[in-house]
Amino acid sequence: MKKLTNELLEELLTECRPYSRDGTVVKDIPGQGTIDQNKLGVCIINMDNEVFSAGDTDMKFTLQSASKIISLMMALDDFGKDEVFQNVGMEPMGDFYNSISHLESHDVTKPFNPMVNAGAIAVPAMIKGKDLEDKFSRILKRLRQITNNNSIKMNEEVYESEKLKGDRNRSLSYFMKSTGAIAHDIDETLDLYFRINSIDVHTTDLAKLGAFFANGGRLLKTGEQIIPMEHINTIEAIMMTSGMYNEAGKYAVEVGFPIKSGVSGCIIGSVPGRCGIGIIGPAINEKGNSTAGGALLQRISRNLELNIFSVIRNV
Amino acid sequence: MKKLTNELLEELLTECRPYSRDGTVVKDIPGQGTIDQNKLGVCIINMDNEVFSAGDTDMKFTLQSASKIISLMMALDDFGKDEVFQNVGMEPMGDFYNSISHLESHDVTKPFNPMVNAGAIAVPAMIKGKDLEDKFSRILKRLRQITNNNSIKMNEEVYESEKLKGDRNRSLSYFMKSTGAIAHDIDETLDLYFRINSIDVHTTDLAKLGAFFANGGRLLKTGEQIIPMEHINTIEAIMMTSGMYNEAGKYAVEVGFPIKSGVSGCIIGSVPGRCGIGIIGPAINEKGNSTAGGALLQRISRNLELNIFSVIRNV
Amino acid sequence: MKKLTNELLEELLTECRPYSRDGTVVKDIPGQGTIDQNKLGVCIINMDNEVFSAGDTDMKFTLQSASKIISLMMALDDFGKDEVFQNVGMEPMGDFYNSISHLESHDVTKPFNPMVNAGAIAVPAMIKGKDLEDKFSRILKRLRQITNNNSIKMNEEVYESEKLKGDRNRSLSYFMKSTGAIAHDIDETLDLYFRINSIDVHTTDLAKLGAFFANGGRLLKTGEQIIPMEHINTIEAIMMTSGMYNEAGKYAVEVGFPIKSGVSGCIIGSVPGRCGIGIIGPAINEKGNSTAGGALLQRISRNLELNIFSVIRNV
Amino acid sequence: MKKLTNELLEELLTECRPYSRDGTVVKDIPGQGTIDQNKLGVCIINMDNEVFSAGDTDMKFTLQSASKIISLMMALDDFGKDEVFQNVGMEPMGDFYNSISHLESHDVTKPFNPMVNAGAIAVPAMIKGKDLEDKFSRILKRLRQITNNNSIKMNEEVYESEKLKGDRNRSLSYFMKSTGAIAHDIDETLDLYFRINSIDVHTTDLAKLGAFFANGGRLLKTGEQIIPMEHINTIEAIMMTSGMYNEAGKYAVEVGFPIKSGVSGCIIGSVPGRCGIGIIGPAINEKGNSTAGGALLQRISRNLELNIFSVIRNV
């Protein structure tokens, strides 16, 4: 096992940068189209709140699907596990993240899990708030508290764009409405979904969120338990089985701890009891996962022996 | 966290027995049809080789799909990870264990993962041996070594029956042969597959195998490393994402450690660094998992705090 | 071969009424819920414009999917065959009429055919008109001309209801918009689709439309060719292969001439060179077809020897 | 409407030969691999038993899937319509001819229709005969009688090859056996299926068979009714909706009479009351249909006005 240092991260990152050539940068997110596809940045924060980083950590990007774990955390905290999973499943899907077939072909009234689009659209409807603004403001407040970063806010341009190009998500939504899986107004449900996706962050923010998860829902600085550990366990288990869409199985083997990706090329990782990880590498593959970012995660896991099955046997 | 005792297991088992009413005993396995569907037995062996048990632990049953992790272990040891996963995937499937559609609809040349039938049929072809007998004898020898039980052997009657009723598996096999996923002779491949499924065991044997996995591939008694830990990590990760078929996601959340079920109603569990678990509860649901056995596992995990995300944070 | 008389129709209808017990009346169409499910009416008009009828021909009902052949006729006439079939296919689907999976799973950018919902939503976008009102008014005008019935109009209540409960169709529409199969505004496209579905008719109107098709696009009274025969042939061929959804194959065998059903329980039939048929029998099966109406059609075809393969050999 | 002459056929054939470049010749049929892919031949026989032809009519080829209509005819004649369609459906499938998914995904116990592989494998089991030899000999005898060609026989080399490469068909067969759709021995069922596929013919033989169908099951020379017309109507209806696999809808529109293709590049057509057509053009597309042959059929239909909807209106 190697020691976590900035130099080690630098070294691993240099090895992985070439993998960005195997992916492509999503063109239809404003500001994303002109990004250098070789960008790669990583930040790791351990349980002592020490920060390690390498590469393009100054890069800002939207959460996209990495936000799915935040929505799920809010919904679990607001309504509890039983109620949340009456409306969304927890099974891996074995198909692409925006698949609609599975809604029809498996005689189910709810989407497979909260990490794929259909499920992630159903979840925000279970976040408390007197109106859309209030719901979103509660989410933002929570995220700022966890990351200790009050400047986090939504990217207006990306949000507007998400609304414009959201036809596939509208299709998923209306399908779920037709089967009763969603009872709420579709426009409002999707509006909140698009807002959460459009929150701008840096790798440090992802690492802090990951470390908060790794710490079982307790703030790193104060130790205050702000989300019950049971909910964090639930989210982490779902990240293990479904966080990387139809590459989740491969990452469970090759990385071995809970992670979640977004099409902006970000990945958030959480090694229980160890550290949180934030990665950005904007070139993604057809499954929706950062190619260089994924390669980097595998090297980090191997070099620091972060596979949870090893971690647990080694203590 | 409660202390593991025979009394605790007895108590939890009594709570769970009624769940057998939600399942049915598979009728077409010889000897299975006449089994009392309320049977339920559990055995747990910790890293100090201490044995705890409750219920119907004297019951003998065939491994059925629980054998899939043994085949995978042998293949990984014989040919290495790279070669094995050239022929079988590692992604959760999101469908029933004997599904054939996914072989056709996802433009893949290999089955989803080694825990579902299609994948499990492809795996034994990667076990070394000069002929069928030799291959099976190597498997049996390994299993006897790990369980320290030389009386383990194949149930001839079940084996003959498996061959007779194996049309669905034949269909899966010929499909894979037509796409090139299997290169071997189908009759021989299936014969080995049926033999491994037909091995007779007790819950103690499952618990010992689970404890061996929990111990990272080292024999409990001697500490001898007979399977590389990397392979054990691989198998445990796949058990987490796919071991319980299309209930794998639920069990990752509710149990939170690697498990694998068989249609005889058995479940084998492995809590890394903690213990191995063997359960028999012959009444299974339509997903192929023991209803009472699954309920018992959830209670065991909760009472002993064996969810790996908790374990790792608690140390 | 029997002679077509009112008495014969009466006799066949009496035999078929009991089949209504095998179906159910659609509950969510206004005015439909209270209908006696044993209602059954038939009207046949031959090439000499003679009218034969039996049963509940005084019953008014909405066209529902029977309107799909009118939309297709208008689109073919307005834009020609090549352009229309660039946006919608002509293959039978082998699945339920509101299936969405096929849009995703067959790597196609267009819906299977104009007789299933997805296709029928894409078609009205190819009807000329300066706005929604104009397009619908052109359709109504054409239908009134063909049926020689100026009182035909839309049922406002059904139309409002269609808009309210149209989530499944919205899902299909947004999916097609996301793949580029539809370029138009979804709300407007669906509004026109719902209007056409909500047109109120009697069996006589269906029979007249069927007779107009049977006459190759010429008005019965004047012989004026108002739609090119090539377009009528195209529509009739598609009715043969897809008009009865996933019972189309059975009806091609058992009835043997072009027909199209609607969930109001109506069926329109066209026997080229012979006659047009209108049927209403509000109890439908799960495939969306009138049970008593379908049985009646089979008896009519057999008694009058209207199977086109027979007709053509007998002349 | 043009007059049918050898010159017209020659002219249309010359126009269509270039379409062979859009297809490929199946490589794994013995003797097929070396065929010039520009070959194209056509033979038409009318109800007066007059023979017209053009192109490569001297070419011998195996029936392949064109044999599916012969099996169906034999089964209908031996067991009647009710019994045959208890074991195979009559619905178009909307998928590739060797698809297996549909067997699983539509909760059906029988294959979609007798024109796709799964269905065509189930049909020969319903042909009478005391053993395999006897069954095949009855089929051959019937075919020789209809074509008045006693030299028709099986191509041994193709038959042996079919058996060797039949894994996909074995997969379909065992799947149907596992669901109960086939009760017979798979090896024998497939053996008969492979034999029928391997019968060698010329375009004249196809044209004669097509003319026999067009004549409603009566021998052209003697007028003797050897197959009931009802069975012929049934087969022709199924050819219309499913004879060209997932191009059946297009051919119903563009050709408009019953046809059936085989992967050897042959097509058999039957225009009720008019003529039979045999075509060979070995280059096929991915749907399994001859590209040049399909183009030629469309031209023949248009020039001779053989679309049945037109034929029937014109008489």
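Per-chain residue numbering starts at 1, and chain names A, B, C and D are given in the order in which the chains are listed.
Note that in this section contacts are C-beta pairs under 8 Å (C-beta built on N, C-alpha and C of every residue); 3 or more make two chains touch, one makes a residue touch a chain.
Everything numeric in this text was worked out from a predicted model, so none of it was measured.
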Remotest chain, chain A as reference, centres from CA atoms: D
Centre distance in Å when chain C and chain D are each reduced to the mean of their C-alpha atoms: 31
Whole-Å separation of chain centres (CA-atom averages), chain B against chain D: 48
Centroid distance [mean C-alpha coordinates] between chain D and chain A, Å: 54
Contacts with two or more other chains, residues of chain B listed in rising order: 105
Chain contact graph, described as a line, ring, star, complete graph or other shape: ring
Pairwise chain contacts under the document criterion: A-B, A-C, B-D, C-D
For the chain B and chain A complex, residues of the former touching the latter: 89-95, 102, 106, 112-113, 214-216, 229, 232-234, 236-238, 240-242, 246-250, 252-253, 256, 258, 272-274, 307-313, 315
Chain B residues within the chain D interface of the complex: 99-101, 103-105, 167-168, 170-175, 177-178
